[in-house]
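All chains are identified by letter, namely A, B and C, in their written order; residue positions are counted from 1 within each chain.
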Amino acid sequence: MTSPSRSLEAMRAGAPLVQCITNYVAMNFAANVLLAAGAAPAMVHDAEESGEFAAVAGALTVNIGTLSPRWVAGMVEAIDGATGAGKPWVLDPVACFATGLRRETTTKLMQLRPTIVRGNASEILAIAGESSSGQGVDAGDSVQAAEAAARKVAQEAGSVVAVTGAVDFVTDGARGVWISGGSPLMPRVTATGCALTCLVGAYAAVVEDPLDATVGALAHFAVAGEMAGDGVSGPGSFSAAFLDALMAVGPESLGAARVRAA
Amino acid sequence: MTSPSRSLEAMRAGAPLVQCITNYVAMNFAANVLLAAGAAPAMVHDAEESGEFAAVAGALTVNIGTLSPRWVAGMVEAIDGATGAGKPWVLDPVACFATGLRRETTTKLMQLRPTIVRGNASEILAIAGESSSGQGVDAGDSVQAAEAAARKVAQEAGSVVAVTGAVDFVTDGARGVWISGGSPLMPRVTATGCALTCLVGAYAAVVEDPLDATVGALAHFAVAGEMAGDGVSGPGSFSAAFLDALMAVGPESLGAARVRAA
Amino acid sequence: MTSPSRSLEAMRAGAPLVQCITNYVAMNFAANVLLAAGAAPAMVHDAEESGEFAAVAGALTVNIGTLSPRWVAGMVEAIDGATGAGKPWVLDPVACFATGLRRETTTKLMQLRPTIVRGNASEILAIAGESSSGQGVDAGDSVQAAEAAARKVAQEAGSVVAVTGAVDFVTDGARGVWISGGSPLMPRVTATGCALTCLVGAYAAVVEDPLDATVGALAHFAVAGEMAGDGVSGPGSFSAAFLDALMAVGPESLGAARVRAA
């Protein structure tokens, strides 16, 4: 297994170009998260160019947060481009339980076999076909309650699956890893999960094993979140401190990340 | 009348899901404002799903800031969904005087009878059919100059109308309330008005009287703005402090809000 | 030549309305940059209204960062509107080398003769028809390496051309100006270049000579970046401090801007 510290070193050394098809809410914050962490974001979404660009980028991330039919076409083109070029891609199935369009789109995208899926507990439960208590875009279920669903989705789809929340769980169907850290202020800042998906893409571009890549990104996020939470007075000051911390975190800090095998 | 303090308690207790169809500029900030204040935002706009989602959300807000025909269709679907489900909806007629598309769209949306309209003085004057001196997206008129127009629009449309600016005025056509507070830095931060519209939606989801709901949201915003303005050195630091303050404001702080009947 | 200090005074006095057609990542930050600096942004992009609005605004800026065919149509309408009304417009050819859609769009927009073009070195080299080593949206070339290309593009297109990076170069084909300042944290904050393009638009709306206008905006940005970089701990705190500094910078600070003729 590649340790989170090694993965961070590889990510910083590679400064990978990550094509992010993400939602309107998350775009600015996700780009800032990648730049602070050490990667290079590019938001390229339209079907006219998304597939062409995917062949050039180191990884692709696809997020269905603010969905429309035209964007779904761009996602599919980009996924085809990434897959054809042998590049990893990460799916973020935002509120996939909430509407018919989200359910259909998620089913279609899962059939394209994402390298990695990152969602909250309610989203992963929904993909596994189990009942979830998600409301809007927020999870109504604990990460622990979604562990079995995550393993099932990973096995059926051949994807690494990450369930993130107060603690995070990552599995490839066989192995399982828990990561803890972060800050209670993170759910008070919009698009933290969406930005994390993009960071998973950055790690996946340079770390060969998608499980290791995902654990690296989640550990980086968790440690930075914990650092940033100290001494701030609310979500606005947290957000700025979090970007600072993503840049400040070094391999030595990640050595202390609380990562343990399931 | 429900006091702003009571309304805040109700909003925090309910943590309502608010569907926000807002502009590209405002989306991230508006979502962060709702999360900091204690509500749950969901940006769902496309006609393929906006109506379905509106039946689930506690309230809907519609903002025409970055307008296009496809989005207008999504707005109308969402409004139909909200109205059919008995949910309140709030209109933010950004720069409704500036182009033909904005004038037509505002006329169409006003005919769908918003529960609440929140705009700046120039926008409310324009809806009332009076001449306004707005330029671009900014008001060129004082809130005081729009009081009569606000009462007229409220009576004709059956909506609560809020005119916000250096001071705020809210009316249901009969009653009128003035709210003061905020910070001179607020007009230097983009999308504060758009975010306020979303917060009005959060209050409207849980407070039955739309006038009380609007006053609660405006008082919450004004008190947080005043708190945040102390000791910051410009619009960037204000913006972070403002999100912190929206979370920190409690019912006791709102007790001191400067709210008075007209 | 109008000095940067004079240009700043003129921009603050005029508080020009700038129509910005920019990308989804940049919209919020660019609007905040303009408000902090003293101008009035309006993001109006769709072909249904972009041309009508351009006749009212003081200047137009067009950025191809998150491109789609519908938006290209809106750009062309807006440019026609601005040109017809005798208003200046600024092109930001983001990653114009990266895909066929970007190459075609940039060729089409250059034929419409932008008043000013602002890009990074790789973008300007690509427009000049020379090989660039850009990757994604970032420059892989130094500003110095693009000086000759900038002069060539300026002469052929009849535009002022600004190449920005660690130092900035501005030329109208005959004259050339170098501007230094800023902070090494600026490339770690997304959309700083895009926001700068919008600020160039604000100066172009009020300063008659497009070269002087561009130099004024770049000096304002460089001095604010340098002020903000002092004592911050990363890109998150830099971003807030930068907005504060854009507002705090006065004509006296710009007198010390490091601007020299080439």
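Just a few scattered comments:
In the analysis below, contacts are C-beta pairs under 8 Å (C-beta built on N, C-alpha and C of every residue); 3 or more make two chains touch, one makes a residue touch a chain.
Remember, it's a predicted structure, so these values are computed and weren't measured experimentally.
Superposition on CA atoms relates chain A and chain C by a rotation of 120 degrees, given as a multiple of 5. Where the sister copies chain A and chain B meet, the same residue numbers recur on both sides for under half of the interface positions.
The mean-CA centres of chain A and chain B are about 32 angstrom from one another, to the nearest whole unit.
Multi-chain contact residues of chain C, defined as those touching 2 or more other chains: 24, 27-28, 239-240.
Against chain B, the residues of chain C that register as touching in their complex are 17, 24, 27-28, 31-32, 35-36, 40-46, 48-49, 52-53, 56-57, 70, 239-248.
Taken in their complex, chain B has these residues touching chain C: 23-29, 65-69, 95, 98-102, 135-138, 187-191, 232-237, 239-240.
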